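Below: the structure, in structure tokens.
Lettered A, B and C in written order, each chain numbered from 1.
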């Protein structure tokens, strides 16, 4: 049984204006990036996965449970969703309390919740700010607090909505390491993002949405090699991929390390031959 | 006359202990395109706020040094008066809409009404900026119905309509999707071509390397470097300032690919490609 | 996006095109004369008829009906309370279900009802046939603080935005396991986690907006100009003076009659 199954799902907010059309895919543990223009249906899809919305046709199964037969709050034990705007979520005046809110809601005891909250804060490197008011922190730190609030619930599925917005290089590096750690622990990490370099660096699989339809679904390398399809969705491959194309490399390179390794070996080959 | 002169600028926000800006000095010529980079809380936004007078007039706090914009002393002027010389566009497209107007056209008029422009002049300016930023077709729409990229272009149009010769943009594309970002960069580029001085804070290093004439590197309130993108991004100690250079530069640094004439690394895809072709050829 | 708050009904009649100040003057006259200067029931009734005619002509009368329906409850309660319990009730008038309604009380209730309807309809005339932005601009031109005018104008769009934001905040908290459906106690418990973010983000947004206003020259010295200027039409002036003349005549009439 797949962790997530999306079966021919369609959705519209107002009649006659479809936002998602016949989308089908399934996910298991690992890392998946859902990319697409604004208005492509990404946010709606994520809300459907979280049972905040129910499909108009088709079904979504989370761990075998049909989302039509449950509520978002009940699914909170399995699916954690970090919203794009931390201000939409934060309401406690101590960071620690905020991060403990989720675990307490899903039935953990005070001690468990506290322990999980502290572990989560360690993962985002904010444990020394646990007694502070979240609104005294910078926007990017608040973003990390909202991520910690979901990590503390230790859900099997973690969805990150635009995690790299307003983050600088260090913040992005932190988020990349969080994604890696979660995948290593066997979780399913889904992200919606515009940041192609972020996707190239840490996501194994990429799903491309355009105008409500699933355009591409496959390993990152494969998806990013299809430049024409991406352009039609108003997207571009990561910069490294663009660079590797100009060198005539067959296929697609996704990170600085990959490119450097490829280039060095290509140079060595050339030198050996001449 | 220089567009911007900053002399030993120091500033501390009220009820805080550390200096947000510690003795920053630099000058900007008219028509230049300056990028500002640095990690979060390096002082980039504070610097932008100081250029338009929000620091110190809006935030109060402790202020020292001198900022002169378009020959106007910021300290002895006011934000509203400075609006005739320098404008600013912020990160959030949403909160830059006044919400007091029901159409895009009237929204752009807001600043002109405040500054007392005559009606014929207003109409001329509004038509001009809407067309320049590709928003003329939307002139009767409600501003809240626009997409993020369109809203930011509207913010830019509203500022440009007031005829400042300098415009500051503080991470204007951070909340936009790729299409929206591209729209904003193109708009800013066309402004630059019109001779407007641009000062832009960005995290998208590949983009700012492409468009900026010069780059300011900020760190903990200090101005660490002010040079061409090639000069600044070629620094070996960038990471200690919490900044990553463009991806191409990172790759070039690891492979030792540099321009032999200048000794500097490439910062754009084009530059990288040309240097790689120059390198011993591989099949 | 959330629609701006407004009761304005678009129609191509002179009422919509009338200067908002004339309509404000009408409200003033419609209150002063029947309440103070010539406090007779038939005077109030005359204004009610006049307002109704104007509302009908402006094709907005349909919108008034729900408003009247709501005020009906208030009017009925006035009739009952005054008819039964007003001190000074002496002369029995009607007997319903064993309760005696007195003539004095009923007449007084009639006066009160006429006054309520008079004010309601005069205000309805203003609100249903005037664009909020036009009204606010008229007031600002005549001296209302532009800051206050801005607060009023922006409230009309910001409030619906805030309300739709509550939806996203609810989604965020439900995702963290907060049950929002269920019995009253569950829903009350859910209230606090929703209010915090609404207030905080409104405050933050207000601050950002305040800065955006400043850099658009909001506090600039010197006279503000207006993109859309209305000139007073002949009709505006005629009606304005008619109202003033009526007011003066009524004051004169009072001295003569009383």
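One rule holds in what follows: a contact is a pair of C-beta atoms (placed from the backbone, for glycine too) under 8 Å apart; a residue touches a chain by one contact, two chains touch by 3 or more.
Not measured: the values here are computed from a predicted model.
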Practice task
Select the chain at the greatest separation from chain B, using centres from the mean of Cα atoms.
Solution key: C
Fill in the blank from the handout: Most heavily contacting pair of chains is B-C
Exercise for the section: Averaging only over C-alpha atoms, locate the centres of chain B and chain C and give their separation in whole Å. Expected result: 45
Practice task
Mind checking the centre-to-centre distance between chain A and chain C? Centres are C-alpha means, answer in whole Å.
Solution key: 49
Exercise for the section: Could you put a whole-Å number on the gap between the CA centroids of chain A and chain B? Expected result: 29
Handout entry: chain A residues touching chain C - in the complex, by the definition given at the top
Key = 47, 50, 52, 71-73, 76-77, 79-81, 83, 85, 87-92, 101-102, 105-106, 135, 149-150, 153
Practice task
Flag every residue of chain A that touches chain B in the complex, lowest number first.
Solution key: 37-39, 138, 140, 165-171, 194, 196-197, 234-236, 238-240, 242-243, 246-247, 256, 259-260, 263-264, 266-267, 269-271
Problem - chain C contact footprint on chain B (complex, rising order) - result: 52, 54, 58, 78-81, 83-84, 87-88, 90, 92, 94-96, 98-102, 106, 109-119, 122-123, 142, 144-145, 155, 158-159, 162
Exercise for the section: Flag every residue of chain B that touches chain A in the complex, lowest number first. Expected result: 39-41, 91, 147-148, 171, 174-181, 203, 206, 239, 242-244, 246-248, 250-251, 254-255, 269, 272-273, 276, 280-283
Problem - chain C residues touching chain B - in the complex, by the definition given at the top - result: 1-2, 4, 133, 150, 153-154, 157-158, 161, 205, 208-229
